[in-house]
Each structure stands twice: as structure tokens, then as C-alpha cells.
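Input: structures, listed below.
Next come two complexes, and both contain subunit A; in the first it sits with subunit B, in the second with subunit C.
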Partner chain A sequence: METPQTTSTPQRAGSTPRSPEGRDKVIWIFVAVLLLLFWGPEFILKMAWPEYWITFLTEVFMWSLFAVAFNVLMGYTGMVSFGQAAYLGIGGYTAGLLLKKIAWMPFYLGLVAAPIGGALAALILGYLCIRRTHIYFAILTLAFGQIVYLTAFKWYDFTGGDNGLIGVPVPEWVQDPTFSNYYKFVLVIVLIGIYILWRIVNSPFGKTLTAIRENPERTGFIGVNVQRYQLYAFIVAGAFSGLAGARMMVHERSVYPDLAHWTQSTQVLLMSLLGGVYTFFGPIVGALILLTMDADITQDYPEIWQLFLGAVLILILYGLPGGILGFIQERDFASTDDYATRMHKAVSVFARKFWFFFAGMLVFTAFFSILLEPGSWLLSEEWEFELTAIQTWGIVPRTILQAVVGVLIFSAILRGVKAFSQACRLLMLLFALMPVGLHIYLGTPLSGILISALLTLFVYVNLLQADVRQAFGRQHRAELRAAPSAQ
Partner chain B sequence: MLLRVENVTKSFDGFVAVNNFNLTVEQGQMACIIGPNGAGKSTAFNLITGHLQPTRGRIFFRDREITGFPPHEICQMGVGRSFQRTNIFPRLSVFENVQVAVLSHAKKTLNFFTPAKQLVQDETYQLLEDVGLVDEAQSISGTLSYGFQKQLELGIALASEPELLLLDEPTAGMSPQETASSIELIGKIARGRGLTLLFTEHDMDVVFSIAEKITVLHQGEVLAEGLPEEVRANPEVQRVYLGEAE
Partner chain C sequence: MFEHRKVNQLKAAKGNLRGVTTMVEFLTGEFFVQFFNGLIIALGIYLIASGLSLVFGVLGILNFAHGSLYMYGAFFVFTLTRHVLGSVPGNFWIALIIVPVLIALLGVCVEMGFLRPIYQADPLYQLLLTYGLVLVFGDLVKLLWGAENLSVARPPGLEGTISILGHLFPSYQVWVLIPISLAAMVGLYLFLNHTHLGSIVRAATHDREMLGALGVNVRLLYTGVFAIGAYLGGLGGAVLAPMGALYPGMDFDIIIDVFLVVVLGGLGSMSGTALGALIFGELRSFGILFVPQFETLFIYILMAIVLVTRPQGLLGKQVSGGH
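Right after this comes the complex of A and B.
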């Protein structure tokens, strides 16, 4: 079967790219993240940033693990569970009860027991839930989740009931005043947990789960026992949720039934939806965003928080149904296009999405700032106005300035990108770091890091990955410039 | 005898969809079930592949009774099928679509840790080549044209190395050119692999061009059975079916 070729471009990208046998390169990303974040507490203390950021980041890590585990179920297997917090609670209580009731129990053994407890619970409850599909499945998970919650809530003799299980013995080193050691402890465990999940979802087992999500009927007729694999997915999600639950227990040195409450389940559902259910790292992005918004807004304006969350969710569900990371990763796959057309499409789609992203970020941060400082529309309430210092400007002029400067810089770079200029492609990546500088200057480094990380990822995924990267190579570039553009 | 269906009846709440259905398919045969809409062809298929359980009657594959087996076990025994409405994994790439089926057949789906990308690549590309989709390997399968999706479904079905392949309306919704090329492809693959083929079809040209044995279903019952010429000559068949189609 012949595909029409408009130019004499070499091999179409991806006609038969066979992956070499060998190690998984993603482990280096995990190592890099570990190295980057490991000295986070020291860095935060040195920069004299608020100490609670250490606890905040720790919480983001724990929720990330929980959300990624949950997404194995929702995003990869296509089973929407409303009761995932049950396994969070069971993990927490397993570790807590073992450590508290059995005096000789070593700390680490108690923690290892948590995922096992989560997995066992998932085996039993999952076995009952997967008998039904779709909404019936969802309701069953919710029902069983609430049973777990109420058991913990009412069983005073065993779990301490609504008083919680207080005073779980944890080692001295966890309890340092700034929680730095705890931060590192959680970071390492969470990264290991997420890496294992990464391997799982990319293994043949994980591929089978995706197949089930896509089409359970067909999956049955490639010889897969669908219900059994759904149960396995349930167990995997339960085990890692249990692991996350134990981390939360260590932090507070106590376990409360609230850990298993259904609102926790919806929280993790929202994180996955926000970040993107069809991506592995989406739930992490979702956890980061949700917790950032939660931390910043709930403190000062608890009454607006729900409203704000609702607005963001509606925007995401309508505007970016694949979630934020889904939007970043999605590419235009028209199978019948030839190489040149595909590459031109790839970069012009990138440009279009970039503007959308840029506008979205500006609107988002402006909205965010207005909620935080409602009086600062035109002039800052906090600072004396000074023309040379941007942080003294009001939100509207500040946003307009960012928009104008951004448009000027980025349209120049994007023109270069469209002409397949290597330098502009790298500039793009470099400029993605600009928001960090700006936001540190404005005194909101957290959101700066968040935005820059998303932008960098966006540029990386769209311009620096495999097939598109090829197009920027010297040989291909010349041919692509000559090829009729696919506008 | 590869497949034997004995006196199978299926009724849904009193409505008898398939009544006292008998069918035998020999090794290497290309057998076809025809019949007007609602004659029970798809029900018959679903009974054979375990998607439906017969109300009465028994089904044998390679002289082993498979009545009541779940679909995945019947598939593992060497029965492959395609579905009438295209049934692929739309958000996966073409390569992954076939690969997951190959992995399942190779019993590697309980491997939790090896990156799947590296596994069974040769087998997968071989299958893609057989069904003419190598160039599309990295495309997202949901974006393919309808004809390609049907080819892909064939590739998925072949991945489990079936002895008996059931194709439910393999050319439904195709243009005449697509129909011709896809029938040619199916015939080539079936002969090349020594497959036994059982298919349903509405296009009479297709049926008479490759079928070696035809079973005519009408209102859930077998109306006629035999070689294409015999069936074509059968006056009753002409009355209820072939006559209508002209």
C-alpha cells in the first residue's frame, strides 16, 4: 500500500521504530527528581521561605502517590471508584494499629504491612465490587468505602473511634522541628512507589489494563479474563493507596477515621481529572495544583474555595477534557499524512496550543491573585505604587504587561520554531523558565515553579521528543523548509 | 471436524433467536452463514464464542465440549473472531492493538515489570505486515479509516493464532473497492495459515466468491445448507432470501 509523498523526505517518522531491548530510561528522570528535591527543605530554610512549605510539599508527595495509584484504576483500567480512600484508611490503620498495639513491632515492618493490608482489603472488597460495572460498580465502591469509614469511626475499643488512634510510636528522627527528615523519608518512598507503578503500567500487565479500558469485550476475546485483571488492578491500586495512607499516619503520629472518608475519594478523583486521566503523571500535576490552590485560598477565603474549585473544574472538563497534562501531551495524529505535513502540523499545533496555554496561565494567575487580594485590581493595596517595581502595580496592569512582553518575545521565537530553527527550539525551552524568575520577584515562587514546570514539560513533549526532534536535525530541516507547508 | 454445533437453541425472554441450530465446520473449510437481517447470524456467532450461553444444545470445538465456557477460555483454545461493529482499542496505537493480543496469546500479561515496548516486536510487526498496516504502526487506531480498522481487527484476531476464525460481516460498511481488497486479503491469509474460516456476510458476490459451504439461516432456523451451487439453486432460499436481495 503506497502512501503519497509530497517530497523526497527520508523515512516517515515512526514507520518501524523498534525500541531496543534494555533498561528503562525513565528511571533517570526519577533519579533527577530525587536529586533535585532531596535538599528542598535546606533550600527553603536557606532562602528564608515559610517553613510550612516543607510540610506542604510533603503533603503533595503523599497525595501524588495516592492519586497515581488511584489512576491505575480510573485512567488505565477505566474503573471509576468513589471509595478509594478506604484503602488509604486501611493502610493508615494497619500501620498505626500494628505499631501501637504490638510493642516489639519494628517501625519499618509496620510500614511494610500497610500496603499488604491495603491489598488484602482490595482483594476482598474488589472481588465484590467488580461483579458489577459502570455506575453500579462506582456506587458499590462508595458503599464499601463508607462501611470502612464507619467501622473506624464507631469501633472505639479497637480503632479509637472518632477520637482517632493517637500516639502511634514513631522514631525520633522523624520528629525534627522542621519536618525535613520526614520530607526526605516521604520523598524517597513516594518516588519508589511511583516508579514501581510506572513500571507496572508500562508492563504487559499495564497494557492489558489499557486494553480493558478501551474495550472490555474485545479484550475478553484476545484471551484475557477481564474480571480477574480488573481485580488485579484493584489490588495494585489498593496496595499503593495503603502505602500512601501509612505515610500520612507517620506525619501526624495518629490516624483519624477522616482518612477513609468519601470526600478524600472525591479529592483524588478531582486530582486525576484536573491533571489528566489518560496520562501517568497527570494526577501528580493535579495533586500539585489542587493542593496549591487549597493551601493558598482556603487559609484566607475558605468560603470562596469551593466556588473557585468549581469554576476551575468546569473550565477543565469543557475546555480540556483530557486534563492539563493530556492537553500538553496530545498531538495531532493523522495517519495518512506524509512526513513533511506531519511535522509542519506538529509545530503549528504546538504554536496554537502554546498561545492557549499562555492565555490560560495569565487568566488563571490573575484570577488567583484577585481572590487573594481582592482590593488590588488597579493598584496594589499592600505596596506604595512605584513605576519601576512591578509588584507594586495592580493585578490588571501587571497582567497586561506580562501579556504584551510575552506576546512579543514568544511570537518571535515561535516564528523561528515554525521554520525549524534549532536555536529557537532551545530558546523556547529556556524561556519556559521565565515565570520562575518573575514569580520569585513577585513573591509567589510556588506558582512560578508550577507554571514553569508545566511549560517546560509542554515544550519538551512537543518539540524535544523523538520524532519531532528529528525534524530539527540539519538534514531534515533543510528538506522540511523546502517542502510545501501544511497550513 | 473442527467445530460442531448440536441442536442449539437460544431464546431471549420467550423470543427464540436461534432455534435448533446445527452446524459442522471441517478443518480448513471456508464456511459462511447467510440470512436476512434478524435471522440470528450474530446470535449464532455469540453462542459459539461464549458471549451468549445457549438455552439448549451443545457446542464442540475439536471434539471437546465448550458449551458454557467464558469467551476468554474459548479464545485461548484457538478460536479467533472479529465483531460486526468494529471492535478495536481506539486510543491505542495500531502497534499496541496487535501487541496486546500477541502478549495475551504468549501468556505474558502477568508480567508486571518489563517495559512492554520491548516485547514481541517481531511477532507484532509480522502480523501488521500480513494485514498491510506496517506503515500505520504508530498511528492512533481510532483515527484510521474504516477499512484499515477492519484490517486491524483481523490482525488482532490473528494474534492469538486461531485455528478457527469467525468473522462477523467482515465487509460491512465498505466501499466496493475496499470489499474486494479485503476479501482478497482474508482469503490469502486464511490459505496461507491453513485457517478454518466461518463468516457471515450480506454481500452475495463475496459469499459465492470464497465460500466453500453455505448455511442459510431464516428466522433462527437453518433453511438450507450445502455447496454454493446447491444453495443458489434451492428454490426456498431463492424465495426468502436471494429473491429479496435482487
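Right after this comes the complex of A and C.
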């Protein structure tokens, strides 16, 4: 049976097969994370963290499902759609209209209808769209997306037009004051949706889609009906986008045409690109990052949000075509490399990428600090010359201090890691947790915690992998140190 | 941009249609009003769309940021007429000459700074990159000019209306927009078909690699063509600026319309763009008369039909599956 592994790319060459014990461990970590997520609202309330975090996380879940569904089309099949929000809207309106217009319609039946509506629409529109490729496909999906949007926008008698479809009946229990029940409701449905999508992309069907992305002509030559498979991918993406659309309807008890606007489609495109289109979980990471930064920036500086978004998009297109998760997981092994070469490559690539992360973290932390307290470039008002009061320092000296200290400490540790010193590896794992802890302790905005969490994820993904872990073990270490370095 | 003017005419038109009118009266009356209004819309959108189509034909990039260049054209005219040139007589005309050149320079910067490094990449990545530029440019407008609606005054002497066949039309549109747009159309035609440089540009739309092999400096050609495209976009923005409000987000509003026009006529085909603009303008104008609620929807449906049945557009060359 396939098991969800949070860290492995399904289709990247070079990822090593895990041992059965390793798999069991991954399952347990996964279950623990799920339990933690499921009791999230209680935890947030108990810790007296802001209540809006619950609705915020719910929002992240919904967008995650939408983004993962979209990525079946973009990342796995290689078809870039600019109109995916149409199916979000169709799902929302299908569920909303059924529940509103038909009095006896059971709530769950209305919800089940959403993905069916999305799939049917995708079948019809997809049948027309798959006849075109690349840019023509993108414009055609954009046109159909706008047709759906304008229909919802203008058809006042049926959809309520731009006033939206208001007052959709939703069961009482979803509408509790802190939205805890709603959170759990969405979490369960999103998890089911994502699990089904995981099974789909890891089935022979999913592998065929990847083959089509890599080379449509050759896939055609080996007897695959390329257009039919592209249509299937379109339908899968449409169905699960419809499911995500219904979740949005439940939250607001209403559906608005904006759900289907093409800027929503570009939003999900950005999420997938940011997180990494060649990974299954990339779009989820992208959704989390984008929504977190949106919340932090839009709160105080709504006028620069798009500027920031555009800059991030351009940076990703130039520097990180695999997105953030792709960057974290990327390992440049050649299939001819022997064990020693592979391990040497692994640690030196890790060291090189660590510095990128380190620099990125400093820049982003400084950027968000400036947004928070624009006046305190050099000194903040209640400045104290004490290391314990580092948060009262100005942003520039603080960043310089962080950079200097970080370079001194980490260059020493990384030298040890490259020499396969177990102590240095453990130190690295320990240090990776510190920024997260510091950010939580200082109560910085979510973006700060998220960026350091990404650093931690990076360190753990790279240093906890079974083969790397073994390389630091006693029996391999001596052998590796004797082997000539790969670099 | 044209909406506010048409509402009144629409009301009048509807009232008359309900009454009994003869065909001749209809043709010289309401029909003519709508047709002429459609022509004005068509010529306005043609100015912008021709630049996009030219750039796509040569560079193979569908430039989302073309709408931003149009927007900057309009806002530059605002700044020049309001602040820089202030009370200089004929300030609008000076702006009309300077602004497109400035936008062409901006286009050169964009091409050399952002597009040049990724010509080898997937065309879809180039499309996404220009979308990133749209986001950046859009917010820069908010930072530089604020989020309020701005307006540019019509040049003195052209504020009023002019009577054609007994119907009143705004004289700015008749005396400025129509001549400039027609001049751009003729100029582009002559440039592409009757100059040596134009023949190189046309050759580039057919086979870029071959052109490079023949010793043409393709990089310079790309920059030049992008500059011409940006010039046309900026000219469109400058000419259309006095005809409506300037606001952040006008780039988003125009770019979809421009895509419609260009796709309808055929991506990269200049005569196709003119035809697409004409169809777009007349559909807008007559659509408001007959199906006021769904007139925009109608155009999208036409675009989808064209893309499905004839992806090369009405006048475009055959494409094999895609670009």
C-alpha cells in the first residue's frame, strides 16, 4: 500500500527507497501531525493565541485542497490553466443553489453535488480546452473562466448576480462562535480530498500524466491516448476544485461571483509555483506561505501586497523553478555515483543551500521587521544595549549582528557536517529549532515563524533522511572520510 | 472607458427601436450612432492591441504587462499635463509626443532586464513572468499616484461635440483618436510591408532561428520590436487618457479586452488585429443595444468559439497545436 510521506517527491529521480521501518515511522509522524491539527482549535484557545488563527488555518486548508487539485493539472500533466477558479465557483454555486432553491435538499447531498458539478463542467469545458496546448490552452481556459464568472455576475434571477447568493442554509453546528467545528469539518473533508488526490497521482494513471508532461509525443507513441488522459486530469482537477469551492460556501453561508474571477486562478497558480509544482505537497506549502504573508502584509500595507507578490513570482521564475519545496528536496545525484560520492555531494549541497536559506531568512526577517516598525531602522525608541533585549535594537544592527554570529557559528558547524561529524549534525538539528522557538517566544508575526519553520524543515529533510543519517554512523564515517571528496 | 458616454445614447436608442422606424431611418439613425461608436471603441483598442500582437508575432511572448504599459502611458500624460508642463500652451500635445517615447524606453528596460534572460524558457514561464510584472507595476502606480481616480482634461477646443449626419459625437474622439489610430494602422502597414526593417520583422514572425543564422542581430531586433510594441501601448494610453478616468487596475480591465481582440483576429497577425478590434468594438456597441446585460459575455463566448474551432484566429496563419 502507498503511504503518504510528507517529504518525498513522487517523481524526482534520485530519491532513495525507504526501509519498511522508516515508513512506519513516517506514518506515525503523519498521524501525530494530523491529531495535532485536529485538536488545533482547542490548543489555540487554551494557549490564548488569537482566535482568528482558527479561521485562518481553515482558509489555508481550503486553499491547499484547491492548489493541490490545480497542481494535478499544472505540475503533473503540464497544462497551465488560467481559469481554474471557474470550477471553484461552479462547485460553490452548485452546492449553494441546490441548498438554497430546494428546501428538502440534505446538507451533505448538496456538498457531494459540488465536486460532481465541478467534474461535469470540467468534462464539457475540458473537452474543448484540451484541443489546444500551451499558450492557446491558457487563454482558452481564461476565456471559459471569465464566461463562468460573468454568467454568475450578470444572471441576477438565478445566481443573485454581484449581490451574491446569500443566506444558504447551513447546519447550526458548523456556525459555532469560534469556528472550531467548522475548522474540523473542513479539515476532515480537505484531508479526504487530498488523500484521494495522493492516491490518484501515485497510481499508474498519475505516472501516465507525468509522462505526458515530460513528452506528450513519446507518450502518444507508446499507445497512450494523450488527449483523453489530459481530459481525465482536467476532470480530476475540476472535481476537487469544486469540492474546495463548496467549503468556501459553507464558511460565509453565501457565494459571490468573485470566487470564479480569473485573479483567483492566478492566486492558485502562484501558490503552486511558490511551493513547488513538481512536488505533491508543494502547493500546500505555497498556500500556507502566501496566505500567511498576505495576512501580515495586507493588514498594515495593503498597497504593497501585489508588489511583493509580483517580486516573489519573478524571483521564483528566475531562481527557484522547482519552488521552495523543490529547492529543499533537490539532490543532484548522478545514477553512476558510488555511495561515497553521493554522501559527499549530499552534505556539500546541504551546506551550500543552507547559506541561501540563511541569507533569505535574514532578508525576510528584516523586511517584515521594517514593515512592523518603519521608524526603527537603526535604533528603536526604547533601546537598551543588552543582548537580552535584542528585540529593542534597531533593525539594521540587529540584522548585522545576526549575520555575523550566524556566519561564525554555522561555518564551523557546517565544516564539521562536511567531515561527517555526528556531533555537528546533532548541533545543526538543534540550532535549526532555535529560530522557530525564538520567534514564538518573541511573538513575531506568523510570517517570521513560517520562514524559520521552512529553515527547520529544510535542515530536517536533509539531515534526517535514512541514507544521510547512516552516513554519520560509526561504521560509514571512517570510510567516507577516507574517500576523496566529491567537490 | 467608453461606457459612461453610451448610456444616454442607449436609452435614446431603445426608445426609438420600440417605435415604428423604417429601415432607412434606422440605417442613418440609431444604426449609424452605434456603428460609429463601435468604430471609436475599435480604433481605441486597436492602438493597444496592435502592439501586443506585434510583440507576440516576433518574440512569441504573450505580454500580460502590455496593459501596464498602457496604464503608465495614461498616468504619465496626467503628470506631464498637470505638474511638469503645467500652464504651457499645448501641453497635452507635447505630452502626446513625449509619453509614448518614454513608455518605449520603459519597454526597452523591461525587455533587457526581465525578458532577455528567459527567452530559452517555456513560453508559459514567460507569460507568468509578465504577469509578475503586472502585479509590480500595478502597485507602483498606487504608490506613485495614489489609489484615487484621476482625470486628464481634453485639450482646449476639443471639449465639445461635433455633428455627423445629425448625430452628436465627442469631438476629441473624432479629431484625435480616429486620425492617430488610423495613422498608426497605416504606419504599421507601410513599415512592415514596404521597408527593409519591416521585412526582417515579418521574417522573424516566420522563422526566428533562420533569421539569426542569416546574420541578423536577433537580440537587437527583439528589443526594437518590444520598444515599438511598448510605444503603441503608451500611445494608446496617452490618447485614451482624456476619454475616461485613470485608476490603478485599469491595466487589468484593458488587458483581457486586448487579449480578446488579438486572439479573435489571430495572434501575431496585424490585419487580424484590426479586424478583431472592429468586431470587438461593434459587438460592444450593438451588444449594449440588444443584450445589455450579457454584452461582455457574448464577446468571451465568441473568443472561445474562435479558439476552439480556429486557434489561429480569423486572419492568422496556421498554427500546429500551439506556439
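Everything that follows uses one rule, which is that the second predicted complex is superposed on the first by the 426 of 487 C-alpha atoms of A that agree within 3 Å, B and C clash if a C-alpha of one lies under 4 Å from a C-alpha of the other, contacts with A are read in each partner's own complex, and residues count from 1 in each chain.
The definition used in the following text is that contacts are C-beta pairs under 8 Å (C-beta built on N, C-alpha and C of every residue); 3 or more make two chains touch, one makes a residue touch a chain.
Please read all numbers here as calculations on a predicted model, not as lab measurements.
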First (subunit B), second (subunit C), both or neither touched by A:166: neither
Subunit B versus subunit C as contact partner of A:407, first or second or both or neither: neither
Partner chain in contact with A:214 - subunit B first, subunit C second, else both or neither: first
Subunit B versus subunit C as contact partner of A:359, first or second or both or neither: neither
Partner chain(s) touched by A:47 [first = subunit B, second = subunit C, both, neither]: neither
Contacts of A:430 with subunit B and subunit C, given as first, second, both or neither: neither
First (subunit B), second (subunit C), both or neither touched by A:31: neither
Common interface positions of subunit A, toward subunit B and toward subunit C: none
Subunit A to subunit B touching residues, read off their complex: 1, 3, 12-22, 24, 199-200, 202-208, 210-211, 214-215, 217-226, 229, 278, 333-336
Contact footprint of subunit C on subunit A as seen in their complex: 80, 128, 131-140, 142-144, 146-147, 150-151, 154, 262-263, 266, 269, 273, 303-307, 309-311, 313-314, 317-318, 321
Residues of subunit B defined as touching subunit A within the complex: 49, 51, 70-72, 75-76, 80-81, 83, 87-92, 96, 99-101, 103-105, 108-119, 121, 125, 132, 134-140, 143-145, 148, 156, 159-160
Residue ranges of subunit C touching subunit A (in the complex, touch as defined): 62, 114, 117-118, 121, 123-125, 127-129, 131-140, 142-143, 147, 252, 256, 259-260, 263, 267, 293-294, 296-297, 300-301, 303-304, 307-308, 311, 319, 321-323
